Each structure stands twice: as C-alpha cells, then as structure tokens.
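Structure incoming, see below.
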Amino acid sequence: MATVAVQLFASYADLLGQSRMTVSVPDRATVRDLLTSVRSLPRGGGIPETALVAVNRRFANASDPIAASDELALIPPVAGG
Amino acid sequence: MATVAVQLFASYADLLGQSRMTVSVPDRATVRDLLTSVRSLPRGGGIPETALVAVNRRFANASDPIAASDELALIPPVAGG
Amino acid sequence: MIRAALVDRVIQPADLLAEVATPRSGATALFIGTVRETNDGRAVTAIDYASYVAMAEGELERIAREAGEKFGVDFLVVEHRVGMLQLMETSVAIAASHAHRGPAMDCTRWVIEEIKTRVPIWKREHYADGSRDWVDPAPRSEKVAP
Amino acid sequence: MIRAALVDRVIQPADLLAEVATPRSGATALFIGTVRETNDGRAVTAIDYASYVAMAEGELERIAREAGEKFGVDFLVVEHRVGMLQLMETSVAIAASHAHRGPAMDCTRWVIEEIKTRVPIWKREHYADGSRDWVDPAPRSEKVAP
C-alpha cells in the first residue's frame, strides 16, 4: 500500500467536504485503483466509477499508473465557457 | 418600341462609360429583351447575356416583364463583404 | 432588435457588440471583414467600395430579417461600409447574440455568405503599382437570379 | 500570435480584436460567452466560475495551439475568466483572424467546443431564490478520458 494526495474540485469537493485529501492505494496503483479507494470513503460513492482523473495536469485513462509523486486530481464534469 | 432608363454600376458603368442611360426595348419587353438591347450597343457585348438585372431594387428573372416606370439596373457580379 | 445599414463612416465593432448585449443572451458572435494587404498575389493599398445604395440597403435589411427568422435570433446588427477604405479598416461587421452559441454563430456566418451573394456592392482594389481593378468573383455572373 | 489565458478580471473583447488585427487578415471572428439571466428555467443572478487553475491554463494553451495548426490560423487570442460574474459579464472570449473567413470562423467555433469539453472549469449558478448549484452537463461524466 501507498499513500497519495488528491485534489478535489467543485461538486466533488463539496461532496467530500475537502479540496485536498490523502488516500491509500495498492502498490503499482492505477487511476482505476485511485477511484476505487476514493469511492470507498464516506460519501465517496457519490463520485462516479468513471469520473475524470487528471495525472500531472493531463486527463488520464483508467489503466494509467499513478505514483505518490504525481499531481492527482478528480475532475467533475467540466462546465466552462 | 419603348424607351427605358437603366442604371449601371462598377465595371458595367466603366465598360459603357456612363452610370445611367436610356435604351429602346420592344413593347411588353422582358428583362431578357433589356439585356439584348444593352448588348447591341457599342461595347455592350462586354456585358454577359446572363447578367444580373434588378427591377425596382429586386433581382429579376430573365422572363420578368419591365415597364418604363420601373427602376432598372444592371448588376455586375457582387463583391461585398 | 434587428438592424442592418450601409454606412459611409468607420465601423466600430464594439458598438455592435454593445447593441446586441442583453441578459437574455449567453452567446455573442461577431464577424468582421477588413481590408487585406494582398489579394490574388497583388499588393493592395486600399479598396473603394461602391454600391447601388437604395437596393443594397433593402437587401441588407432583408438578409437580417431572414436570418433572424431562420435562426431564431432576436439581436442582430449588420453594418456594411462604402467608400474608400485603407488597409485594416472594417468593411463589414455582423454581431448576433442568442441564448445559445449555435444559433449566434450560425446566424453570423449565414449573413456574411448571403451578403457576398446578393448585396449589390462592388470593390475596386487599388494596388501598390498604381493600378486598380474591380474585383470579379467570376462564377457568380453565371446566373440571372440569386 | 497565439495566446490563451485564464483571467480574474473583466474581459475586454475590443482588446482581443485589436490583438488579432493585422494587414494580413481579411476576416476576424469573435465569440463571447456571457452570463445569462436564466438556465433550465431558473432565474440566475450570478455565476461563480471555479477552476483547477494550473491544469486549465495548460489545457487552454494546448487548445489554442492545436486550433492554430488545425485551421492554419496565426492570430488567435483566448481568454476565460474565473471568479464571480454578474449578469451580462463575459466569461470567455475567443478572437481569431485569417486571410479568409472560413478558417477564422471555424477556428473560433472549434475552440469554444473544445473548451466546453476539456478545460477544468466549473460554474456554480446563483439563483434568484437564494440557492446555488454546480452546473452538471451530465453526459460528459460518462467517459474517463476526453
């Protein structure tokens, strides 16, 4: 197991009551593992299994690996413009 | 025969050396007759058989009738914008 | 508010934007045509826009009205300038606003295409070599009615 | 000149137009997004735009660069505002100029569509009844990568 820091924004931040948190993920974790960990937290189930995740400020795929040194963020459906 | 006044613009005015002229057309003349008359004038052959004609400030069809009281104009290919 | 005009003064795009601004709109599209320094490989120094004024005004107004109906746009301003224009000056400006972006952008685009097809305006380009020519978009002379 | 920025001050569309003005261009297209008084039938009084700033800036710049390549556009400015905006204030402005109108308009349109798909910006609408909600364009949450 490893610990990673995750940023939360907008509705996801409201849902989990914080804009940054740390979660435990398996060794050699992927984006999918991160989402599983977040969703297992209290109220985490409100975040969709298919939520967008950014790794180092770029959108990532579910199978992309993550590391403790990565800048990770859960991205609610964007609504700019 | 009747006489009608025609306005000319841009390249057509340059071609015929005037911006307004009178031409003779048959009785019950159409737009097509007007063009035939204009094209029979000196240098008039430079105006295409299918030139655009406006009757009372609206584009007309070749078979539309014209009268001496109409505002007639030969419209070179437009190039606004 | 839908308005179209032929003008012989400088066009101020910001004024058109202000005219179509309303709390009912979430999207505004603006198109501007300007005098470009080259055309068909020749160096242009200015363009003289001539017009059959009485007809051009009517045609511009019809285009604006038709565009409003076609795209459900209530806020549309169109101005086309005539006279001698220097490089970079605005010859035409079209501003449309709508609740949503699709109609605002579609409307603006349709209006400029229609202007180029059916408004009796002609441009005489002045070239760096001292010559000048009427611009002739040849294919358009093929038909009698639009 | 291609430039994109996230800003927390008033956007001046006229400044963007001036930035893309050049004698090489014959056409300029501008798109503006503004705060609208209603959404989904609810009376809106203001919108708070939030952003993952570091990523949004990079994504805006990538979109502008991609648009420049895709449409052959050399003059493009994109500004998206964040923070609290009142009715009629501009949230996003995109100005593009090009020799010809097609690329200028296509480019502007493509940029706003991309912004709405891939830039991490969220809006919290404030309603006349005192409530407020994050705007959730539901279908977009279906996928993991854009």
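Labels for the chains are A, B, C and D, by order of writing; each one numbers its residues from 1.
Everything that follows uses one rule, which is that a contact is a pair of C-beta atoms (placed from the backbone, for glycine too) under 8 Å apart; a residue touches a chain by one contact, two chains touch by 3 or more.
The structure presented is a predicted model; accordingly, all values stated were derived computationally and were not measured.
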Intersection of contact partners for chain B and chain D: C
Whole-Å separation of chain centres (CA-atom averages), chain A against chain B: 73
Interchain centroid distance [CA atoms averaged], chain B/chain C, Å: 26
For chain B, residues that touch 2 or more chains besides their own: 81
For chain C, residues that touch 2 or more chains besides their own: 33, 101, 112
Set of all touching chain pairs, with the criterion as stated earlier: A-D, B-C, C-D
Interface residues, chain D side, partner chain C - complex: 13-14, 17, 21-38, 87-88, 97, 99, 101, 104-105, 108-109, 112
List of chain A residues in touch with chain D within their complex: 7, 9-11, 14, 31, 48, 50-54, 57-62, 71, 73, 75-81
List of chain C residues in touch with chain B within their complex: 33, 49-52, 54-56, 58, 80, 91-92, 112, 115-124, 134-138, 140-146
